[in-house]
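Here come two complexes built around chain A, the first alongside chain B, the second alongside chain C.
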Partner chain A sequence: MDNNGTLKITYREAIKQAIREAMKKDEKVFLMGEDVGRYGGAFAVSKGLLQEFGPERIMDVPLSESGFVGAGIGAALNGMRPIVEVMTVNFSLLAMDQIVNNAATLLHMSGGQLNVPVVIRMGCGIGRQLAAQHSHSWEPLYAHIPGLKVLSAGTHEDARGMLLTALQDPDPVIIFEYTFLLNKEAELPANAGAVDITKAKVLRKGKDISIITYGAGVYKALDAAADLNSIGIDAEVIDLRVLRPLDETTIFNSVKKTHRALLVEEAWSSVNVSSEASARIMENIFYELDAPVQRLGGVEVPIPYPKHLENASIPQPADIITKVKKMLQHD
Partner chain B sequence: MEQKLTIPKASVIARDHGIELLYQMMLIRRFEEKSAELYTKEKIRGFLHLYVGEEAVATGVMQALTLEDNVLSTYREHGHALLRGIDAGAIMAEMYGKQEGCSRGRGGSMHLFDATKKFYGGNAIVAGHLCVAVGMALATKKQKKNTITCCFFGEGAAAEGEFHEAMNLAALWSVPVWFVCENNLYAMGTAIRYSHSIVEIEKKGPAYGIETKVVDGMDVLAVEQAAKEAADKIRASGKPFFLVCNTYRFRAHSMFDAELYREKAEVEEWKKRDPIARLQQLLLKEKAITQNEIDTVNKQIEEEVQKAVEFAEAGTWEPVEELKKFVYSENQS
Partner chain C sequence: MIEFQMPSLGADMEAGTLAEWLVKPGDLVKRGDVIAVVDTQKGLIDIEVFDEGIIHELLIKEKEKVPVGTVMALIASDKEPVVKQEEKMPAKITEEKKPVEKLPVTEMRHGIKVSPLAKRIAVEKGIDLNLIKGTGEGDAITKEDVERAIVENIAPKEERKIDSTESIRMAVAAAMSKSNREIPHYYLETKVDMSKALVWLSEANKQRSVKQRLLPVVLLLKAVAKALTEVPELNGYWENGLQQKDDINIGFVVSLRSGGVMIPAIHHADKKSIDELMASLNDIIPRTRAMKLRSSELSESTITVTNLGEGNVETVYGIIYPPQVAIIGFGSIVEQPWAETGMLDVRPVLNITLSADHRATDGATGSRFLMTVKNYLDKPAEL
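Moving on, here comes the complex of A and B:
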């Protein structure tokens, strides 16, 4: 800990601390997922927790995504507070029926009788040369579904805090975590903990343009904004954080100030979160715009294995800089 | 305090258990015949799946459950809901789509819910609820409660991956879930021989190390006997149990089904094993009941069903302004 009461912590350790804190606070909380126990978590996130909490609360499950996500939903219906870990978002399609048809519908379909307070964590993100089947960005799929709350932990603060708040929520919450960030260190207050899960957040204040992003785009947008600053462009960076329900107010307030919006994400461009945010800007604050809203999304190809092609498939800080300069007619 | 289980009772001739069983099956039958009639009058819309012919299964199994146990069923669940003690009027109102319905009219025929009766649907994605049932039983185990989670499904579900995932998880975790397969031989219009490599569904339980029993699902007394044994075992061991009830649906899959896939003669043959007629004959033969008493039961049921229809008719539509209510818990006003 330094003099300001902050700690240097990896993204992995931030998630682990959140899980540990949640488990200590509430006996109803348990973690279930593939390889979360004896293996220590596919990404070593839950390493040591089995020894600390025992196999009843750190449950290894078989490769049955529909089965154990459904079981998590059932346990939540029946008084428990399960944290279900789907190793990566890529496997979550096998559990999509459970999430869409059970978790998301039961409260409304039962006329308000049945709450499903399940938290489902999924590792995701592109950039580790895992090729097409292991490089999906399914945030927009889940953000499409009423009844779910969909969170994206693009920062260490959210990796540390979102889970704790999600576990207080009466409704099903999905948290996306970004595996390429796991080893990345950042400073967090020593007393970091639960965070709000209803609002987007302005991570960098600026006046010239709003760069609106989430998840894998957050640190890239901040890097780009720092570089832009050195050439005299003052970009505001917004982390959407909550992909459903979308926090329009924070987006609109920013764009009303900067009058320009660039939306950045790694998911394929057609029908992604940026499409939705863009439409809402047009519908609500069109006359505030000094330039057309622009988007930088994933190139619409199955993500390829070679590093240079993988890099070319998703927006990079350099792409953000080029786009911003063009929007501001900087050159 | 433990709530008393309010299974509908035949008030005229109480105490005789056989007559109770008969009454419960007849109530389901009459309620559903009425539902079909109301469907043709367009009072009930959407899908309507009737249980006619299969009444002995729900009736026999329910005798072994308490109100502390959880029940999950399929989209062919009017009978299960009735015997769980959900008011017939609330069920009928649900099918009308009225807000006095047991799911506020939101679910209709396929999605009957009542949290106070621990009746969790009304699930219309085949086999999806099996995994949920396992999770509910897991929670029960973690909470160290001695209750059963009973999950009804058809043999069609046994071809789904989720059946196999749920069986494996239930056995692996050793949780008190009771899988009840209502094998009516047809997954919609596909006969079991076209959907299962092994048509004896009961062979699939032991493959997962789950104790399994098969019973004649057209004989309510046999189902009841098997059910009690199953429930006792689950309560004593905390382990899952698989009960396969071989039965038959006398009517079409749904109201849209022209029944091109089976011979009328086959249906007629099965109707000779009608569980209601079978029990009536047995009770008459043993002089446990007279034809007059059966007529009285019939009359009582007719009145109850009529009352349910009147309740549904008098029901009201949920205001459109409440459309978004309950998408999230905070949208409650």
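Moving on, here comes the complex of A and C:
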């Protein structure tokens, strides 16, 4: 801790602190997932928690996403507050039926009688050379489903805080965590903790253009904005944070100020979160726009294995800079 | 609810300023009523309504300048609105089915790329977007461009008062430049011996009072109108292909004493008798010179005739008035040597030219048309 009362920690440590704090606060909270116990988590997020909380609360499960996510939903229905870790979003496809048909619908199907307060964490992101089958960006799939609240932890602050608030929610919450950020360090206030999970956040104020992104795009957009600043372009960066329901107010207020919007995300461009945000901007504040809304999304191919091709398949800071300069006709 | 829009009064018109409303909400209007006066480059024009109903709301204030196509008023109709216009018309003019707002003249406005925000600001500040060069992506006009225009004081539309002579000059310039730029003209010419026509005319005039006397030009108009019924390809517009028109509305070029020309339409020239055509000319020419035309007269001509009249040069090659596809030029009738059946004689001769749009028709069509006109003038009794 330095004298400003901040603490330098990794993204991994931020998640671990969040889990530990949640488990200490509420004994109904428990963690279940593949290799979360004895192995310490596929990405070492839960390392040491088994020793601290015991096998009743740090629960290894069989390799059956449909089975253990369903079990988590059952536990939630019966009054527990499970944190279900799906190792990566790629495997969550096997649990889709449980998530979509049970977690998301039971409140509705029971006429409001059955809340499902389950929190499902999924590792995701591209950039670790895991090839096509393990490099999916399924945020748009989940953001499509009524009955879910879908969060994306693109910053250390949210890695530290979103879980705590999500566990207070009476309904199912999906949290996307970005594995390529796990070793990245950032300063957090020593007293960092629960954060709001209803609003998008302006991470950098600017007046020339709104760069709207989430998850893996957040730090890239901030890097791009810093570079753009050096050539006189003052970009505002918004982290959507909540992919469902979208916080329109923050988006609209920003675009009303800058009159230009660039949407950035790693998911394939067709029918992604940017598509939705773009449509809502056009529907609601068309007459505030000084340029067409633009999107930078993933190239629509199975994500390649070779590093240079993998890099080329998703938006990079240089792509953001080029696009912004073009939108602003900046030489 | 029927939308009453700012009509287009010619290919060169982009906007008009509402000078005066002649109706108020609650008034009953019927087809052909003049309900507004609009100030255009061509002076104050009476604007007619093409529907029947009760004025519901006047959306545009007097002195406001709005682009062609802007909804100016809403008219409540108890019958089917807009699309069923034909049914509401009296039976005898059912062919006249083209309301003014259908005219195709917004090309230039459509060509301008402007951001929604820039457009909004321009409207609020009365900035004419036609005068601004865009610097955004794809040369779109952006907020910054409009703001610069405000600072640089590109005069708001209302303040830019040009006298009517100058503005007519500009309108002619715009239409003719567009025509020469876009239309591949071809030119045909023929000579007509007018002796029979002039004899017929002087006989006819003997039976008419001085006021009703006919001028040679009505014969020419009548011959053109009849020839167009036989060669209809020249009567229409070029808009993504040739759009032939059923009505034959001859635009007649009138030169203004102060300079410039206007082209009022003589509606249904083919259905008018010689005397009715003469009456139309006697009515429309003084009104044109006084700049007192109705909107339908300015916008509905389907072909143009330019007639130089006596004491002028023998031949005129016209420039087509877009989106029309042809213009017919009559020179003055002068005595010329005339060879016929191996003999040389002196006859009153008229040079007739046709300038036509080669996208729409070919020389063979044009030739057929000119020869038809010629034949009619050879047999004036058939007119």
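In the analysis below, the second predicted complex is superposed on the first by the 331 of 331 C-alpha atoms of A that agree within 3 Å, B and C clash if a C-alpha of one lies under 4 Å from a C-alpha of the other, contacts with A are read in each partner's own complex, and residues count from 1 in each chain.
Basically, a contact is a pair of C-beta atoms (placed from the backbone, for glycine too) under 8 Å apart; a residue touches a chain by one contact, two chains touch by 3 or more.
Everything numeric here is computed off the predicted structure, so don't read it as measured data.
Contact with chain B, but none with chain C, is seen for A:Met80 once the two complexes are overlaid on the shared chain.
Using the contact criterion defined above for the overlaid structures, shared-chain residue A:Phe286 touches chain C, although it does not reach chain B. In the superposition on chain A, A:Gly70 contacts chain B only, with no contact to chain C.
The part of chain A that touches chain B in the complex is made up of residues 30, 56, 61-62, 64, 66-80, 82, 97-98, 101-102, 107-115, 146-147, 149, 169-171, 245.
The part of chain A that touches chain C in the complex is made up of residues 259, 286-292, 326-327, 329.
Those residues of chain B that touch chain A in the shared complex are 70, 99, 101-107, 111, 113-115, 120-121, 123, 125, 128-140, 142-143, 149, 161-162, 165-166, 168-169, 172, 325-329, 332. Within the complex, the chain C residues that touch chain A are 115-120, 135-137, 140, 142-144.
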